[in-house]
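Heads up, there are several structures right after this.
What follows is subunit A paired twice: with subunit B in the first complex and subunit C in the second.
Moving on to the complex of A and B:
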């Protein structure tokens, strides 16, 4: 659920980068952080283990365009991909507005990708959320590796649903399609916000009209 | 990277007492650990017999891998999700999100082979050593390939792994090699690497549902974020992945008829030159950056008639203010001299030894390129002139708007 601050005319969206361990979620955020101007970003908060794996989560606040008079702020989070940190993943998913599921394109990671996707669905379910209503994007990362699965297979196992979501081939380490992915999920959230805002506005006008008639 | 936690008190990074993110005040109890998968994974053992068998089958090739790419024909349609509203007018379309449905189990299609052949050498090391009789491999006739039934494989594809009973694989070996007491009592399943299976299957078995609808995206929403500088020049291994292009766009055939969709407006020359296909309005800084990437330039600046920099960047050792001013002065001088001959210079190229400066002028807007000599081609010259015109028009237009 996005946080709307009417006093400051500000709206905050929470985007979580989800996926199996070592799939490149933190790399995505690090690249975004390196490319966004200093006026539009906060500190990239990251807590990693000695082995450089994300232990807690990464957090990156970003300022973006104004929509309907509201300044928009995006908070990017990652989750630890390791299986044992499921509680942390559930915490990070609280009040999420949109998901970027980062899949590792390597053959040997297919099962982990699917386990992670299932875990995402399970954890959303624990918060009475589901992927029917939650905007999400797929990113097939590490496309520069030699042992990658074809897109047909990745799409078959991860995007085989009633609605085909947007998906991007990416190389997060070089930034390829990192911003395309971020922009895609951001635009979905902005669209959802503007649409709901329009609906709310229509409802309030109708209410005023009804009360006037009475 | 220096790790900072400005809004969290310092806490030891641990799973259980982890500090929640701002919007996560409640901590649900950790679920019990998942039950371990029983006897599903076999640790490869590299015993002597296995090594002997591998050597015996070393001549077996890896098999030809069919092309991995495939073309989807996604059905382009929009699903509208009705939403309750007190307003009498019908609500605008809701954003379409993915609905969760179970991935359909695959059934063999008419063009699906009943079996696929996998080189035995590729999976030999996956077999447990003790299923073979000691020393039996010497001089034995070993199979080159093993046939696996697609009816057994296809239902497992959505799970991201394929397992085959050990007995199925052992059936391909001469019976006198197998220790039947071990093989018969074993319920083990062998995990076959996917890269041995997927390329041998027709792509039609992985086709997506025909009634699948596309996630709705509102093109009127402005792109929120842009990169400050171009990505490093190291080319990716998959050069056919253009920036900002989704997988769906890549897989979609070029000439898919889209019913009920109004034709896209024609792209401006600026969009065409920069290779931007969505026709969105480009901001001046973005144009400068796109030009730099498109022509592999060292730097690009867009400057006003007075020589003031508007957008772009130059290499760090060059002063952008000075260079924009130089362009202004140069053209001022040229115009002064050229006035008598009724010529109006549009482009000026200067060499500075290690690099070149090319300046275009159009409608009082200067477009400065810093580049290497090799960059100068016929296309560079032709498109540079068009770009200068288009950039000038954009500047005028956006100046009016603002």
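Moving on to the complex of A and C:
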């Protein structure tokens, strides 16, 4: 969970990329790692099987520009998407501040998307968290594939809650909207901090955007 | 309450005093206090030699995984873990339900000594962390909305 250190002038946030198996969570982190300069990133750590499937988690620490004199550290994690690793997903979600839900846009993956989203809600519930209070962003990945569902359909099945959240069409393998997604969740976390720390006067500036970015 | 909302300079100084004393007595080279989600709370010692953030994330994962192992044999968790290397070793112990202390040490000390002093420092550290967690987070004052960057936080 986010922690502010006034001595070191540092804030830490934990962001988890969640979604079904092979939807592109690790690809998001790999692309980010390839683009961020060496001064602002640590190593990309992957605890994966020999076949490059995430076994425990991937982890990428990033430093961002200072906010009002504070160094901001974002810790990006992925979870293993395969259904059998549910216990591991619960462990990685511990102390999470924000979520990027990566959905696979292909028609045949719709059921897995929904199962994974439901699984995310269940696992957050086990930590007394919920999607209403936790900042999250949707990323509709693999938009370059031939058999993809239209965005309206993805929005209908995944972004149909009382408060709709910001969503992005992405192709993680080429980097399309990977940073747009990361910037959006990072901004939500910073705004949430603003809201929690400066309750009364700033509330009006923290509304969640509801557009789908192409 | 699992979260420590913020640390003041005085909190950090208090934590540092306890950790410096522990490190001096145990002759370890580095000590890191993390929450069980992998966030670094405090650190002391030779911090320039490794990436603390990555060690914290992996240690939290390791601790969490072994907790599940412990449950399979009827234990709540293993309260301490020891990883033995050739020249460098790692000792991790639970300070309380939410926090883990990681000690990295070399050949100038032994796991027995590290463990002995780790047990001694556990109670004062746990008591201090408990106080910090019980703080009212709504008293945190930090980011004015206008200080949040506009479009791009990461380029």
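We take it that the second predicted complex is superposed on the first by the 198 of 214 C-alpha atoms of A that agree within 3 Å, B and C clash if a C-alpha of one lies under 4 Å from a C-alpha of the other, contacts with A are read in each partner's own complex, and residues count from 1 in each chain.
What we mean here is this: a contact is a pair of C-beta atoms (placed from the backbone, for glycine too) under 8 Å apart; a residue touches a chain by one contact, two chains touch by 3 or more.
Given the structure is predicted, the values throughout are model-derived calculations rather than measurements.
**Student:** After lining up the shared chain so the two structures overlap, which partner does A:61 touch, if you call subunit B first and subunit C second: first, second, both or neither?
**Tutor:** A:61: touches subunit C, not subunit B.
**Student:** Looking at A:149, would you say it contacts subunit B, subunit C, both, or neither? Reply first, second, both or neither.
**Tutor:** In the superposition, A:149 contacts subunit B only.
**Student:** When the two structures are overlaid on chain A, which partner does A:71 contact: first (subunit B), second (subunit C), both, or neither?
**Tutor:** Neither: A:71 stays clear of subunit B and subunit C.
**Student:** On the A-aligned overlay, A:132 touches which partner chain: subunit B = first, subunit C = second, or both, or neither?
**Tutor:** Touch status of A:132: first partner only.
**Student:** Tell me which partner touches more residues of subunit A in the superposed arrangement, subunit B or subunit C.
**Tutor:** B
**Student:** Based on the superposed arrangement, let me know which partner A:4 touches: subunit B (first), subunit C (second), both, or neither?
**Tutor:** second
**Student:** Of the residues on subunit A, which ones does subunit B touch that subunit C also touches?
**Tutor:** Looking at subunit A, the two contact sets intersect at 3, 14, 32, 36, 43, 45, 47, 56-57, 59, 62, 64-65, 67, 72, 77, 87-88, 91-92, 94-95, 179, 182-183, 186-187, 190-191, 194, 198-199, 202, 205-206.
**Student:** What does subunit A use to touch subunit B in their complex?
**Tutor:** Within the complex, subunit A contacts subunit B at residues 3, 14, 30, 32, 35-37, 43-49, 55-57, 59, 62, 64-65, 67, 72, 74, 77, 83-88, 90-95, 107-108, 110-115, 121, 126, 130-136, 138, 140, 143-147, 149-157, 159-169, 171, 174-177, 179-180, 182-184, 186-188, 190-192, 194-195, 198-199, 202-203, 205-207.
**Student:** Show which residues of subunit B lie in contact with subunit A when the two form their complex.
**Tutor:** Checking each residue of subunit B against subunit A gives 1, 3-6, 8, 13, 15-16, 18-21, 23-28, 30-31, 33-34, 68-70, 72, 74, 79, 83, 85-89, 91-101, 103-104, 157-161, 193-195, 198-199, 203, 206-209, 211-218, 221-229, 231-232, 234, 236-238, 241, 243-248, 250-251.
**Student:** Touching subunit C in the complex: which residues of subunit A?
**Tutor:** Against subunit C, the touching part of subunit A is residues 1-8, 11-12, 14, 32, 36, 42-43, 45, 47, 56-57, 59, 61-62, 64-65, 67-68, 70, 72-73, 75, 77, 87-88, 91-92, 94-96, 179, 182-183, 186-187, 190-191, 193-194, 196-199, 202, 205-206.
**Student:** Subunit A touches which residues of subunit C in the complex?
**Tutor:** 2-9, 11-13, 35-41, 51, 53-54, 57-58, 60-61, 64-65, 68, 137-138, 140-145, 147-149, 151-155
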